[in-house]
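Encoded as structure tokens, here's the structure I'll be asking about.
Chain IDs A, B, C and D follow the sequence of writing; residue 1 opens each chain.
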Amino acid sequence: MSNNKVYNFASDNAAPICPEIIEAITGENHGPALGYGNDDTTREMEAQFRDLFGCDLRAFPVATGTAANVLGLSVMTPPYGAVYCHKLSHIEADECGAPEFYSGGAKLVLLEGENGKIDADFLDDKLARSGAGVVHHVQPSAISLTQVTECGTIYTPSEIKAISRIAKKYHLGLHMDGARFANAVSTLGCEPAEITWKAGVDVLSFGATKNGAMSVEAVVFFNKDKAAEFEFRRKRGAHLFSKARYLSAQLKAYLQKDLWLRNALQANKMAKKLADGLSSCEGNNLHFDVEANMIFVTLSETVIEKLEQAGFLFYVMGPRNEGMVRLVTSWNTTEDEVDIFLNFALG
Amino acid sequence: MSNNKVYNFASDNAAPICPEIIEAITGENHGPALGYGNDDTTREMEAQFRDLFGCDLRAFPVATGTAANVLGLSVMTPPYGAVYCHKLSHIEADECGAPEFYSGGAKLVLLEGENGKIDADFLDDKLARSGAGVVHHVQPSAISLTQVTECGTIYTPSEIKAISRIAKKYHLGLHMDGARFANAVSTLGCEPAEITWKAGVDVLSFGATKNGAMSVEAVVFFNKDKAAEFEFRRKRGAHLFSKARYLSAQLKAYLQKDLWLRNALQANKMAKKLADGLSSCEGNNLHFDVEANMIFVTLSETVIEKLEQAGFLFYVMGPRNEGMVRLVTSWNTTEDEVDIFLNFALG
Amino acid sequence: MSNNKVYNFASDNAAPICPEIIEAITGENHGPALGYGNDDTTREMEAQFRDLFGCDLRAFPVATGTAANVLGLSVMTPPYGAVYCHKLSHIEADECGAPEFYSGGAKLVLLEGENGKIDADFLDDKLARSGAGVVHHVQPSAISLTQVTECGTIYTPSEIKAISRIAKKYHLGLHMDGARFANAVSTLGCEPAEITWKAGVDVLSFGATKNGAMSVEAVVFFNKDKAAEFEFRRKRGAHLFSKARYLSAQLKAYLQKDLWLRNALQANKMAKKLADGLSSCEGNNLHFDVEANMIFVTLSETVIEKLEQAGFLFYVMGPRNEGMVRLVTSWNTTEDEVDIFLNFALG
Amino acid sequence: MSNNKVYNFASDNAAPICPEIIEAITGENHGPALGYGNDDTTREMEAQFRDLFGCDLRAFPVATGTAANVLGLSVMTPPYGAVYCHKLSHIEADECGAPEFYSGGAKLVLLEGENGKIDADFLDDKLARSGAGVVHHVQPSAISLTQVTECGTIYTPSEIKAISRIAKKYHLGLHMDGARFANAVSTLGCEPAEITWKAGVDVLSFGATKNGAMSVEAVVFFNKDKAAEFEFRRKRGAHLFSKARYLSAQLKAYLQKDLWLRNALQANKMAKKLADGLSSCEGNNLHFDVEANMIFVTLSETVIEKLEQAGFLFYVMGPRNEGMVRLVTSWNTTEDEVDIFLNFALG
């Protein structure tokens, strides 16, 4: 690897912008347009979301996944509320307390569950003992699940419905962190509606940045009641862009001609190929089924070192000598890159 | 105007991205880069800021002007603090309470002053009666001034120093909202340092979006003590971009070859030309001296209507029959556009 | 004044507890009672409030006037809301930002108005220009007025109704800070209902501490919709007392046999006597009509010094040489004390 | 039990005020005193705390245990901080999110540990993996432990020191929720200093309400640096009492002639007697060692019902058929009451 090439298996957000989206940005760049979303591109983008989900909805562009999650949640919980989520969820572990900040201090209640998924029975039991209505305790207000999960696994439609039934039983909102929503739909082969509003999801963070966009996610409200409040909270959170058309243009291109699914499919395929290769070698334990574009695998320290020296970017989770490695593929990961990686890893 | 052309005098943020900056975005789009600002482009951008201001500093990219202001202020005031600002300031009037949100509920104390500028004597008197040290009252913590002001006027270096002396007298931080900082420097013809750290400014919102960028501002810390806290607050505010390099690339291009000053100069020149034309006609009262790229002028209802029908975008402030019009020029406003406007306005 | 007696004209909260209320506390002290308001005394107290106001309502005891105000307001405004109040109001000037804290960062919009009262026309005009519905601006949510005002003046029923009409016009809640509510009712000679719910007040801070109680105020909800939310916010604010019965016992005694009105009457009478005496002497300018138990008067530095040396407690507001003195009478202020004061002040 | 007598084993906060303290309140009730703690009683109270702990300190009265905890913690953590506490702790389970509210949205990180005590090794491991310094994660700021724990157990001095060593290792503040501090000292027979500042505690909630006071706790700062900030936060939290002398008077009486220890001793002795009696009968499982004044015991549904009908107040924790009963003794629990209880429970 004399050419100092760097191979990205660190994160899908370390990948560049895909061609169709960078073209959409440059294509948007003509003439004036009123700021703050009062432009045609933003209106067209929202219409595309209605088509995609086959229902009436509101869709708002924001620039980061954390913004999408916490602004969405902020209209689903009072400050004295509790949001139930998996203990490994991004909102708990990787947002520096942004959910608490945006909700005015609500509590995240952490749930157990295998493969990064909320266990519906555990959730039900936890809610039964939550102290709802009792003034000493924070009040259950919402459930948040992540699709694809932080372990790279995917909730099936029926798993989502099981959680949705519990949400309804306790009168809670249902939020989905869909930072890798495209990767989930690509694997499931379902309609987006099936794992969202038809399964009881109220608010969706519809990710794009990790799958080829520059910096945009949509907050999708299937229940429009809270959309007006959202707009004030977005501005107040400093997340309303003056030149919003450049966010909307990214989303428009992302949805056109199934770009979002094509990008995700490529990433998923490369992850599968990588996982198959790794597991062909005895001793390489995959920690979870590889259902999307993330792999958690134990490698020996020797192999880790060899890969790093060869220019592969990836994260070692936890103490180095435990050897737990996370590999993430992206819209632009190639078969060649995977082959080279496997060569080093198995060689 | 058969061609339905739209002429933007509504806002500098309604203008598109300037060519050098959109090229920088596309130019950045190759290969992987670690996220969250751990990339070379971001490091180079920060070095450029050190050169520009001729001192050690920290500079962080964020995507909106409100984010720059309120994240900067959030490390300058405790929740029980008070930020002193002009009653017309953007942080008071146009950020939907974002300063209160990010500071955990600090109070903005509103100041009088002609031409949108804080009156130093008024400020001194207000602070003398602030109840500092007394537990019943919010505690003065910072002063925020806007350069260019919301009235389109500019603080001179000595005016800033006068306010800075008061800040020091009462041990307060000094914040500058420089959403149109380039327009001020362009008019003053001074070094950036002269109206910032050399004049006592601690934290600067260095604007770029209104002056040709897509969506980026820098929060500049001349006092680096609070920079570490800033980083946690930025993430927690959901303003840390995974693909931060595309923000930094915009700033790099913006600073290169004085692009920021060239863009501002053009906008300022066009505003001057427009103001001169308007004031040549009796009865058109300019409300403030036109020192940057904003004009506040009273026009008759007939003229307003004529201009609107001709496709000119601009804002009428307050009741329509009072005829107070705001006109803003941009980096891409042309002499032709100004001439056509004046034709309609004076014809 | 050989006996070093101290005469309190500093504040009605510097007075001790009146006999009936301290007896109520000791009288309450037998046997166990479930905590947090689940006791008979609390239930009986609430029933007394229903009788007093002649309507259905909820009444909750809290221990400080600030707690009453800010907990009441916290259910009347979203974090992105604006509470309109007089610029001299206690919530603005003397609560160290507690309204901002409890509301999650809402803004207080300050109103002008003579004699410490909100000017209805000024309010109407301000609200007409508030930017309601526009995402860049905080959203008007409530109006708060103080009865008795911070200037010692009293809103008439028709003045309250005028403000209430504006509240309704803009769909805002109406809050009354009644820290000295008894003093107002005593002067007006009206039914409590007349200046509260019948005049459009939604939430009342019903004061007792300044008028003979140890430490208790009631938050009275005439509109019960928000009472449940209040209970969570009270607990979360750490203002739910385990031994709540001792708060409720104070309120019970306070309402019994018109104690609240008798105490206020005495304070008001003594203020009137003091004001009459002071104004009999040329040069003693009363700054406001003395309608309750507070006097603002300009005295010479010599007189101020003489009074202080004689053991009188009172506050000089602002710079000493300006001589603005505030005198407050209490439930236990005697004719003798007033005479002695006048002796020194006029002698 | 023909006389409808009610026996309180529900909570020590359901007990009345002890005679010495109610006398102190009435004894305080003479003459005027300046408000907000500017009174002699408050100064004397603070001096007593210095004597008690044998060191320089600041001690502030507040009226509820939750206020003491969350105001103390609010100066120990930034909004992006994390407070480590046992999963059963009062601040997590019974304060309706008050810690999150007062800290501006900090996170409570929940710890495992037998007998309601933080396990030092578990804590150490958790902190080693906390992501300190990494911008995506909340930042460890403080550890809070409860003495007596929510299980009725007591940390030994060496257990506290073990936790304190970890606090120092990670540069964290150490907070103690001492709502039942007296019960712990009474059992341990140690100096108060030994389990507080000498063991590394920075801030102590020193409880009194549960042990005979009406409504008062002291927030004790062994490290005085943060005391000034505390005062602003107390006012802003609406917890600064105008008639603060009545809070301080309670604390003075509480500390005099070891009243606090005598009251706790009685409660502890009665709990021991009760526990001994209950455990003499096979099948009555005590869930934890009874080290203070709380007992957790499994009783049959028949016995529970019999006790309730006989007028005993107590709480059944969780589902009734699981039979987990909490019994709490108080300063005024008598041997007779315990005997009668045992009679019913064992009979």
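We take it that a residue touches a chain if its C-beta (ideal position, glycine included) is under 8 Å from a C-beta of that chain, and two chains touch if they have at least 3 such contacts.
Since the model is a prediction, treat every value here as computed from it, not as a measurement.
Annotation of chain B and chain C: jointly contacted by A, D, touch as defined at the top.
When the partners of chain A are compared with those of chain C, the chains appearing in both lists are B, D.
With A-D and B-D as the two chain pairs, more C-beta contacts join A-D. Averaging Cα coordinates per chain places chain A and chain B 34 Å apart. The geometric centre of chain A is 42 Å away from that of chain D, both derived from CA atoms. Note: centroid distance chain B to chain D, computed from Cα atoms, is 51 Å.
For chain B, the set of residues touching two or more other chains reads 79-80, 95-97, 101, 104, 135-136, 232, 235-236, 240.
Residues 36, 78-80, 104, 135-136, 139, 229, 231-236, 240 of chain B are the ones that touch chain D when the two sit in their complex.
Considering their complex, residues 79-80, 82, 93-97, 100-101, 103-108, 110, 129, 135-138, 318 of chain A touch chain D. Of all residues in chain B, only 6-8, 10-11, 13-17, 22, 25-26, 28-35, 62-67, 70-71, 95-98, 101-102, 209-210, 214-215, 232, 235-243, 246, 313 touch chain A in the complex they form.
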